Every structure is written in C-alpha cells, then in structure tokens.
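Common to both upcoming complexes is chain A, partnered first by chain B, then by chain C.
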Partner chain A sequence: MKITTSNPGLVLFLIDGSHSTGATWGGGAEILADSIMKQTNQFILDLVVNAVFDEGELRDRIKLSAFIAQGGEVNWALEVEQPSESWLSSEQWANSGRKAEGSKAPLWIEYSPVGKTPLFEGWSKVKQVISNFKQQYANSPIFLVTLTDGDFKELLGSKTDAEKKQMVEIFDNLKAENNFTHLVVHISSDEQKPLVFPSEAPDDEFGRFLFDISTWMPQMAFDNPQETKQMRRAYVLNADPGTLTKVLELGSKVVYQNPMPESNLVFEGEEE
Partner chain B sequence: MTITAADILQAVDEGSWNTDLGIGSFTIDYSSGHFDMPSFRMGASWMVVIAITKSKKYAIRIPKLESAKKPHALDKLERMGEIIEEKNVEWFPEFQLIRDALSVNGEDLPVLVMPFVEGSNLSQYIADNRNEPDKLYELIANFVLLENELLREGFDHGDVSVRNILVEDSGKLVLIDPDALFHSTCGVNTSPELGCSSINHPLRTSNDVGPGLCIFPIRLLTMILHVIIQDSSMIAKKPDPQAFFFDDVDLQKPATSEKFDQVKSLIDAKYYSPILSALNASTLMAATELLRPDIHRASKPTVLFPIEEMMALMSISTIKPVKKRRVKHHPKMRPLPLSEEFRISNRNKVGGGSEDDQ
Partner chain C sequence: MYSKKITRNQPALITVLLDVSNSMNSEWGSSGKSLAAGAMYAVNRTIRDLLFNACIPEGEVLNYINLAVYGYGTDDDDGNGIGWRLGSLSEPSTGYALAENWASSQHRMENLDLGRLADNAQLARSQKLPIWVDEEAVGWTPMCAGFEKAASVVKTHIANFPEAFPPIVINITDGQPTDHNGDYSNLQKAALRIKQQETSDGNALLFNVHLDQDGEQYTIMFPDAPPQHSEYAHELAKCSSIIPAEMTKQGRKELKINIPESAYGYCLNADFQSLVAFLKIGTTVVVGEDEDGEEQKIVAGMVD
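Showing the complex of A and B:
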C-alpha cells in the first residue's frame, strides 16, 4: 500500500554512534561517522523531494523517528524535541533540517562518535515505537534502517544464546506483519569485500544474525532486472563508502517509489 | 553513479544546461521551492521545473529514472511530440524533446520542453469547488468530451489521474505527462508505468497497452464527481493527490470498502454499478469493454478522413487529395503510410484482447 496522508509511512533510523565510527575509511581522510551522517541526511532529503513535498505543499505522508545508540544509552537523534510518540510529522521534520556550508543536503542528524554500541537496547526501543505506531496506523508501511560498524564481540559477544534468539524472534514477529522493511547496513573501515543484498545467509554467526533480523528487499528498489530475479535480503555486510551511498539511495526509493513494471518499453517489432 | 531528484534540482539550480532549449533566455522559478531549491513537480519517471522567459512560462521535464532515459523511450516521446504537433489537439500541450540538454553528475540528460499550462490541478479544483454543483457537472461534461476526443484521434493516456489533469479557467481539461501518452500509430507492447494505483484498475499490468487505458480512470473520476455533488463532505479541503478519493485497497476490495458503501448510499446505482462491474471483471480489457462496449471501434487510427470519406474523395477525380502536412521525423522513426496505420491499429485490437485474456 502506498504512502498517503491518511496512510502515512514510518521511517526509523537506528544509528550506531559508537567510538569506533570515529575511524577513517581504510586509513583515508573521511571518518565513518561523517559518511553515515552525510548519507542519512541525503536519504531524508530524498524523502522530502520525492514523497513529502508535492504540488508546492508539504504533505504529511512520512513520520520520521531516529535514535543514536552510543555509550550506555539510546538517544533521540533529531533536532526537534522528542515527542511522546517518538515520531515527527512531515511538517515537523521536513522543515527542521539545518542548511550548512559545504553540505549538499540539510542536516537533520548530527552526532559525535563516543562509547560503546547498545544496539540491542536500540532495537528494543524501536520495536516499542513501531508497536505504538501500529496502534494508530495499522496498515501503514514501516521502514527501519539500522546502521552499524559493530563486530561480533561488540554486538553479540556479551549476549546469551537466549537473548540473541529472542531478538531474532522480535524481528520475526515484525516481519510477519505486512509492510515492514528492515534494512541492515553493516559498514567496515577494513576494506573487506562487501556482501550486498545476499539471497543466503553468510556462514558465520555474526553475519547470519544480521541476515536473520533483516527483511527481504522489496523488488521495486531495483532498476536492473538481473537484480530482481531472486529474492534478496535488505542487508549489507562490510559496506564501503560507495556501497553505503548506493544502498541508502535504494533504501529511500523503497519508501517513496510505487511499483513499476519490470519490463522495458519496447516498440512493436523491435527486438530487446 | 545514480542520479537522484535532488541531484537534478542542484544541476538546474547551478544552470548546468548544455544547449539552447529553444525558448530564449530564461530564469528558473523558485517561488515554491524548498531549502533554496527550484520549484518542482514530481512524476513517477520525470520531474518538472519551470522556466520563465520575458513572455512565457515553460515546463521543463527531466527524467529521473533510468527507464525514462532509454533510447527507445526517447524515440517514442519524439514521435509523440510530432503527432501532437500534427494533430494540434487542445487537450495536450505541444512538447519538444531536446537530447543531452542538462548535465547532472557528468551525465547528459534529455529534457522535454512544453508551454506551462496555467490551470488548477484537478484535485484542488474539485476540492475548491466542492459546493459548486454547476462547476462539477461541467467537469463531468468535459470528461465525456475528453474521452471521446482522445479516442477519436487514435490517442490513449496511461496515467489519467488528478495529478495529470489541469483545469483551465474556462473549465477545459488539459492532460499532461507525455510519457504516458500513446497513439495508435506508435504502438508499444509494454507500458512504461501502471499509473496511479488509487485511480487505475487493480488488475492493470504492464502488458495492458490499450486501447482505452484512459477509460477506467475517467469513468471513476466521473463517478466520484457525482458523489461529491451529492455530499461535498466526501472530499477533503486539501486532498492528497496520491489518494484523492479512494485508496488502492478500496479498488482491490470494493466489496469490503467503507468508501464504496458510502458511495452506494449517496448516488444512483446507474453511476456506480458500471464501476463495480468493471472492478469485478477478470482483466483490464474486459473492464474497459464493459465501460465502453464500442472501444475497439471508437479508438480509431489517425487518418485525415474516415475511410468512407476517403473512398468517396478518391472516386471524385476533380477534387485533389488533401496534401498531408509533412512532419520531420526522427531518423530512427519512419512515417507510416495510411495503410500501415490501419494495419497497426487492427493488430493492436487483436493484441489488446489476447494479451488480456492470458
């Protein structure tokens, strides 16, 4: 079902703001946290341009919520004060981006890397926000983006098997409802080969856990028919800067784009 | 590198034009822009910015999807531009394709230049006039005219929606969105888009290429107008063009739709029964035939005269055949002789039915 003012979508960001995101990409100049902020703000700008701003008016088609998991806390990430329901109307968030010199997109999300990564607490938090949203908008689509550079030790090392299983079950329950997409973007500064939208889970426990909590990627995200031939997970492991950019561009398309026919326009008698 | 709508707006803002757009010097309209960006209007495949010259305003359409930039899609648009110019129809503005016109992130994009139509978008026009039955009845009459004119000239439009119809001060309806425009002499075997899902038949697929893609949405809009005439509170003061009256679930499941229950309580069955029957049809073509049984006859190929008149003219030797205006075609396009126009039209008729039966 497409997003409209009477059927608004919810977009949630859960961002790993830990100390390790202060590292640079492969020893270069740009730090991971800056890339995360840049691409997240671009994602939000794409929502303004493609979904919210229409016929000269702001339409309340997308509610926005964002949290930063860093240190021992999960904090509200947007400039506008956190409302009781933990999401903002389009009018509240679309106008709150700060224009900054040298930045293509206005800034909605800014943070400084610090501390550890309480992602499990973050996922519990967003699960509560989603439950509240569902009570008000039962049929509306929900799009969650998790961005992290955490490794096995950081994310799962201190968790028992029961805790890990419980978290997978939380997402299984969310996935059982229609219109829920969870894009998990794991980034790495180590220049490892990225695994992008896999169809099968990786062999290692960490990679498989992130695969399990992600959902299938809606096919409308892909322009290339080759990419739509099999189901692909909304999941990237070891994203580099280019992959991060591309994946979040596709992610924003999933929110605002209506399904398109896969086949191309061909003249009668013309061979493809 | 993927080009986003924001990238396109930035390129327009920076004036990254490669070529003369054929409209003289112009400035870009920023009056309703956001974050210092140009004013824009977003379509499914293209976005529109407004250029202002000393004497006129123009809509500049720029493709935002890869599929809209493909050579055969552009060839088709070029051909449609020629046909619109040749036919000189009142319900669609002329437009011209200019290839490689705008440089965005190192890629040269084509643009479509068309005169800016001064009019209200249909959605807001209906909302603003919801308590003016005369104006709404006038709209209904104009929809009948529009449908007949479209079909009579061999045209079809695959994305009739409240966003793609403008209402001039006179009440006249003007369609926009050239990439959804079809003509019987410019056949396609798949549709590039499925149109707005809250106004198109839910069984429509990319294999539906007409004739009569415009009919279901026009008849649905007509029914909605009858409802609003009876009860103006059925429409919001500022309706969302994405789901102007129904949403896509209402059309998929009319039997359980509260909105349809309200419709049935407000207007005579003669207005809603055809729509409900069409929604229960097994294919879009079957639905179209229910709404307009003469569709295959009504959607004629474009000829200067009906065949009977042509035969009569040819038998009168003193009357010279009317010389058809020569149109400059794109090198890849070949002008179709009359006989071939008929052949393609007939093939469309056969093909349209068989594809829908699958």
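Showing the complex of A and C:
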C-alpha cells in the first residue's frame, strides 16, 4: 500500500551506540559510529526529499522514531523531544535536523559511543511503539532498521534460550502482520566477507538469531527481475561501508513503496 | 575519538609509572623471580617494541613517540619519592623525552632468563633486551604523587601537541598507595587529574597493571566492572580508563584476547605473557602519514 497523509508510514531506527562502535572500520580512518550517523542522517534526508516534500509542500507521510541502545539504557535518539507516542510527524522532524559544517545531510541523530549494547531492551521498546502505531494506523507500512556492530554477541550469550525464543516470537507476531519490514544490519569492524540479503540462515547461533528476527525483503525493493528469483531476508552480516550505503538505499525503496533504479549490490553466492 | 594517527608533528606520549617500593621484592606467583624483575622486563620489552615498531620505520630514529618513565618509592631524588627512570638521560624540562634522545639511552644490552616467569621458555631465554629501566624496590608507595607527576607531564604534552592522540599513562604497581591518607577518593582525584585532560582526539588514558602476591590464583584482565577481589583492586580498576574501541579491536584481532565491550584498562596478577599483551594493547598507536613519506599503517604496540 502506498504511503499517504492518511496512511503514513512509520520509520524506526534502533541503533547500537555502544563503546565498540568507536572503532574504525573498512580499513579507513572513520569510526563506525560516525558512519552510522552519516548514513542514517542521509537516509532521513532522502525521506524528506523523496517522500515528505511534494511540489514544495511538506506532507505528513512519514512518521519517524529512533532509539539508541548504549551504556545499559535505551534512549530516544532524535533531537526533537520525545513525544508521548514516541514518533514524530513529518512536520515535527523534517526541518529539525541540525545543519553542521562538513556534513552533507542535516544531523537528526547525533551520539558518542559509550557502554554496552542493550538491544533486547531496545527491541522490546520498539515493539511497544509499533503496537501503539498499529492501533492508530492499522494498514500503514512499518520499516524498522536495527544497526549493530555485533558486539551485542556477548550479550546474546548471557540470554537464556527461553529469552531468545521469546524475542524471536515477538518478531514472528509482528511479521504476521502486513507491511512490517525489519532490516537487521550487522556492521562489522572486522573486515570480514559480507553476507547480504541471504536466503538461508547462517550456521552460527548469533547469525541465526539475527536472521530469525529479520523479515523477508519485500519484492518491491528489487526492480531487477534477476534479484527476485528467490526470497531474500532483510539481513546483512559484516557489512562494509559501501555495502551499508547500498543496503540503506535499497531499504528506502521499501519506505517509498516505489522501486528506484537498480542497485549494484552483490548478493550472497552470486557473481558480481 | 582515539583515531588520530601519530606523526612527527603530532607525536604520541607514553608515560610509564613504576612502583619501585620495597614490596616489589615479593615473588611473582611461584616464578622464582620478583615482581620488580618481571615489571622491569615487561617495561623494557614494551619500550623496545615502541622503538622498533613505531620510531624506526626505515632505519632512522624518528620522533613519533615521546616517552617518560618515572619510578615512585620514598627513597628518591626529588624529596617526594618520584624519580626519572629512563635510561642514561637526565629528566628533560618537559618531563618527557623525544625518541631521538631516548632511543639510544639504554644502560646496556642484557640476556635475560626469566625462567618460569615466561610461559614460553624459548622466548624468554632468547631475549637480548636493551635495558632502559632497571629493577629496583625500596621504600613506600607514593602513588598519588606519581599520578600528580604524570598529570603534569600530560599537561605539558597536550599544551605542545593539542591535536595529537591522547597521552597514555601506564601505572605498574603491586600494592596500596601510602600517600592517600587512608582515603581512596584521594587516589581517584589524582587519577582524574590525568584523565580529565584532553586533546582534540579524546581524554588522556590511564591504565593500571596490578601485581600482588596472590599470583595467578586471582587473575583479571580487562574487566567490564571493577573487581571485588580487594578494596584496592576495586579502586585501582575504578580509576582506570575504559579501553578505547580501537585498542579493543586491535587486541582481539592481533592478540586473540577476548576483551569485553567497554572494558577497564586494568589487569590483576596477569602472568608474564598476559602482562606483555596488556602493555601491547595499552600502547596501541597507529603511525600515520609522515611529512615527506607515504602513509604507514603500523600499530606500534602490536607488531612482534
């Protein structure tokens, strides 16, 4: 269903803002946290340009919400004060990004990496936001992006099997509803080979868990018939900087509900 | 933060504080060697690694690492128990020495046999090591004064190199401070005087290596919460900086050490190999583009 002012989409970010995202990645000098901020702010700018502004007028087609998991807490991540419903209307967020020298996009999300990564608590929080949103906009599309560097792995080890199963079930319930997409992006500082939109779960427990809580990518995201030969999961493991950019570009297609020119992503197991 | 590469224009500062009090005569676990001997070996090896990995990229000593080594024990030369301990150099007015000066200031070369102190016997016995810092153990433990001294050296360095990688202070000690008047908040305050200072790349870093006579029965490396082993261990860990993410990443990658996220730069009763690894991680600086050369990607503390 196409997003409209009466049927607005909800875009949520859950960002791992932990200490480990202060490391450089991809062989460059930029730290992970800076890349995450740059890409998410660019993503939000793209929303403004492609979905919110229409013929010079601002339309309330996208509600925005963002949380950051860091230092043992999950906090509201946007500059505008957190409203009771935990999402902002387009009027509230579109012009609220801070203009910063040297940054192409205004800064809606800014943080410094610190502490550990309470992603379980983060997912519980966004689940509540999604439930509330669904009560008001039953048929609207919802796009959740989880961005983590994978240091969450050690915390996953501290969770019981029952807790992990419960979290997967929460997402299974959300997935059962139409128009919900959960893109899980594991951004690595380890320079390992990326696994992009796989069709099958990885072998390791950590990868399988993240795969399980992600959704299938909507077919509308892929405008190249070759890419739609098989169902692909909205899950990326060990993304490098270039992959992160392309994955978020592709994710934006889901939000606009309107395919854009084909990406150059190389999928798992396919020739470039 | 903590991503600045070091250059000759913006060199790194590494300050080593060495507890040279009498209790460092105690045996390191069941190694047959004293804590002072083990600490001396580890410090000299670290200095050697810094010299060869960071300061001699092409056979010539370049000023990438400024270095200070101070010992603290009450029988010392400035009346407060703090004394310069780096090679044959006199204490510079800045409180730190340039590589071109400290590189060749070693007292001597020495063949060291650490025996059981080193897990890797072959490695230990084959070490021919320049000795810049001698083994010593006498008097009390004025650690707060040591922190104050390091803070003044850090202050001078930051004033001279405000854009550089933040100064690193490594404190190696076996026991309780004797100048904190029984109040650990005095130790925390002294540590803060180091950690509160900052360059444009982040706050100065204080890492603590804690050796005590319990030996390896109580070994802790890079805890993610201050340990409860003893009040002193708790306080010493608490005043340690959180290991920067880049150091954590390099430690995991190069040394295969499982460092938890947001860990304290603290170790208690590490064995010798672990102590050397701790110092490698704690002195991780990346040499950047030289004024007239190509960019070098050398992680100074990490290359063997």
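We take it that the second predicted complex is superposed on the first by the 250 of 272 C-alpha atoms of A that agree within 3 Å, B and C clash if a C-alpha of one lies under 4 Å from a C-alpha of the other, contacts with A are read in each partner's own complex, and residues count from 1 in each chain.
Keep in mind that, in the parts below, contacts are C-beta pairs under 8 Å (C-beta built on N, C-alpha and C of every residue); 3 or more make two chains touch, one makes a residue touch a chain.
Just so we're clear, the structure is a prediction, and the values are computed from it rather than from any experiment.
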**Study point:** First (chain B), second (chain C), both or neither touched by A:P202
**Key:** neither
Exercise for review: Mind working out whether A:R61 is in touch with chain B, chain C, both or neither, as first, second, both or neither?
Suggested key: first
Exercise for review: May I ask you to decide whether A:F53 touches chain B, chain C, both, or neither, giving the answer as first, second, both or neither?
Suggested key: first
Exercise for review: Once the structures are superposed on A, label A:T4 by its partner contacts, choosing first (chain B), second (chain C), both or neither.
Suggested key: first
Exercise for review: Tell me which partner A:Q42 touches in the superposition: chain B (first), chain C (second), both or neither.
Suggested key: first
Check your understanding: After superposition on the shared chain, which partner residues are touched by A:S112: those of chain B (first), chain C (second), both, or neither?
Key -> second
Exercise for review: Have a look and say if chain B or chain C is in touch with more residues of chain A.
Suggested key: B
Study note, to complete from the structure: Residues on chain A touched by both chain B and chain C none
Practice item. Mind listing the chain C positions that touch chain A in their complex? Key: 1-3, 5, 224, 242, 244-246, 248-249, 253, 260-262
Revision key, fill the gap. Residue positions on chain A within touch of chain C in the complex are 18-24, 29, 31, 112-117, 151, 154, 189-190
Check your understanding: Across the complex, what residues on chain B touch chain A?
Key -> 2, 4-6, 9-10, 32, 34-37, 39-42, 44, 65-67, 70, 72-73, 75-76, 121, 123-124, 163, 186-194, 197-198, 205-206, 238, 240-243, 247-249, 344, 347
Review point. Which part of chain A faces chain B closely enough to touch in the complex?
Key: 1-7, 42, 45-46, 48-50, 53-57, 59, 61, 94, 97, 99, 104-106, 139, 223, 246, 249, 258-268, 270
